[in-house]
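In order of appearance the chains are A, B, C and D, and numbering begins at 1 in each one.
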Amino acid sequence: MVSETIIYPRYGETDQMGVIYHSNYFRYFEVGRTDFYKAIGFSYKVLESEGVLFPVLECGCTFVSPAHYDEEVIVRTRLESFKFARFRMHYDIVRFDDGVEKRLVSGFTEHAFANRDLKPVNIKKTHPHLYEVLKKSLEDKTHAL
Amino acid sequence: MVSETIIYPRYGETDQMGVIYHSNYFRYFEVGRTDFYKAIGFSYKVLESEGVLFPVLECGCTFVSPAHYDEEVIVRTRLESFKFARFRMHYDIVRFDDGVEKRLVSGFTEHAFANRDLKPVNIKKTHPHLYEVLKKSLEDKTHAL
Amino acid sequence: MVSETIIYPRYGETDQMGVIYHSNYFRYFEVGRTDFYKAIGFSYKVLESEGVLFPVLECGCTFVSPAHYDEEVIVRTRLESFKFARFRMHYDIVRFDDGVEKRLVSGFTEHAFANRDLKPVNIKKTHPHLYEVLKKSLEDKTHAL
Amino acid sequence: MVSETIIYPRYGETDQMGVIYHSNYFRYFEVGRTDFYKAIGFSYKVLESEGVLFPVLECGCTFVSPAHYDEEVIVRTRLESFKFARFRMHYDIVRFDDGVEKRLVSGFTEHAFANRDLKPVNIKKTHPHLYEVLKKSLEDKTHAL
């Protein structure tokens, strides 16, 4: 399962190099992640209100080509790996130049399953449905638009 | 009482005009505000952990001349007015060019006294000491550095 | 002419009060502004590449009710006033709760017409078409979605 | 050579988990980097005005323990490796709890030497002094405060 999110980079996200400031891509990843969860069937907003949090344990990004203000980009988001205590999301951000797809950045975020005190939670026990939904998305080859 | 805070604008706070993006000045005001509270004798961090919040009700800013990356600016913060349910902070951001002070922006934020549910609180009753400290800072003509 | 932009507030735009941090609304205004320009017929991105910039001279915002993470809001943007050297945009951000519209914030930004060195430009002379398009949008009562 | 930068996390950098939002640590790294360059003898601000840019090629971060609003942290910055076309900076962010140092995050950014068009530059040829200064900082074991 790969979800797609369209983003128009904002003016305030550029820097004086005339391109999107590097750390803002992690904000785009977050937007892609929120959409991915919806695409596989749950709302992180609701989940968090129930006391399950996904704090970031690790993240990384490779910058191939810069994004620019108001130039449509697409965030492709998928679950890369999944264990009891943590999972890793993968992201590609691409742009279409004259119909040709161009990769701008690729990155990942690794998350824990945690409670409100940011302590680890075994969601297979506490939220078996969530566990199944995430696991299934690893096998699902659908491309959600 | 006027407190002073030195800030070096960050690269990620610039935009493609080559200057600091306008909404970031409200973030500098926040830094000045945190320092102002310390200068008059309390910590907003501690206060909030005790359940008193100062949500922003209104804000405004006039831009005279832009700030730039890594060019030292000074935020001058003071309490402008103070009532039972709300108070207004005033800010001037200045830079020294060859020893001559130049005003870059001026602005204000108006805040409520609220509890954790963001409901109004009468701090004269609930936190008489805080009430006195704020009131006194209006009369105090000290310039804290 | 009033343009409408849908925004889903991002997680990284919340603060520890559990609501959207106040200065981020100016970033939402910017997104609304970019859309407004497109709605009346030009692209600010293109205009800037031609050397016409709209730096912010003044801005303000009144906060009525907070926005939250991933809770759809609508930015309504219109031109409020327009002179030779400057113009003022007005914004309302609203949310629908059970079909009932609720206003969250209202604000404005005032802009100059400037060149790449951020010096004033008389666009009536240099860009008569842009001048007409902006002027017409003041009279136009259309509501663009 | 390791430079140290003191940072007080800002309120607007927190998120609704009550901790600093993960992507903001890359902004703290940037502050540490600006200070590191000064510590070894040059100003990135000046360098960029001369046409040498250090765009980010890759970055990563591991989160051990969260930083909080207004809780002093220290960014320790050093050059980790250095080649003709690129170099890698390493960062540790620590806090002192009752005199005991606690590591919060570690990360890196990898940069290119580029010109204004973001094309690679061989600084050994174009800026031999800068090349020497960076090289020397790899061997220098000083700890700048």
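One rule holds in what follows: a residue touches a chain if its C-beta (ideal position, glycine included) is under 8 Å from a C-beta of that chain, and two chains touch if they have at least 3 such contacts.
Owing to the predicted nature of the structure, the values given are computational and were not obtained by experimental measurement.
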Interface copy of B-C among A-B, A-D or B-D, judged by whether over half of the contact pairs recur: A-D
Selected interface, C-D versus A-D, where C-beta contact pairs are more numerous: A-D
Where chain A and chain C are represented by their mean Cα positions, the distance between them in whole Å: 28
Cα-centroid distance, chain A relative to chain D, in whole angstrom: 25
Distance from the mean Cα position of chain D to that of chain C, given in whole angstrom: 35
Sites on chain B at which at least two other chains make contact: 11-12, 16-17, 19, 23-24, 27, 30, 69
List of chain C residues in touch with chain A within their complex: 8, 10-12, 27, 30-31, 34, 43-45, 68-71
Complex interface listing, chain A residues touching chain D: 16-17, 19, 22-24, 26-27, 30, 48, 53, 55-63, 66, 109, 118
Chain C residues touching chain D - in the complex, by the definition given at the top: 11-12, 14-19, 21, 23-24, 69
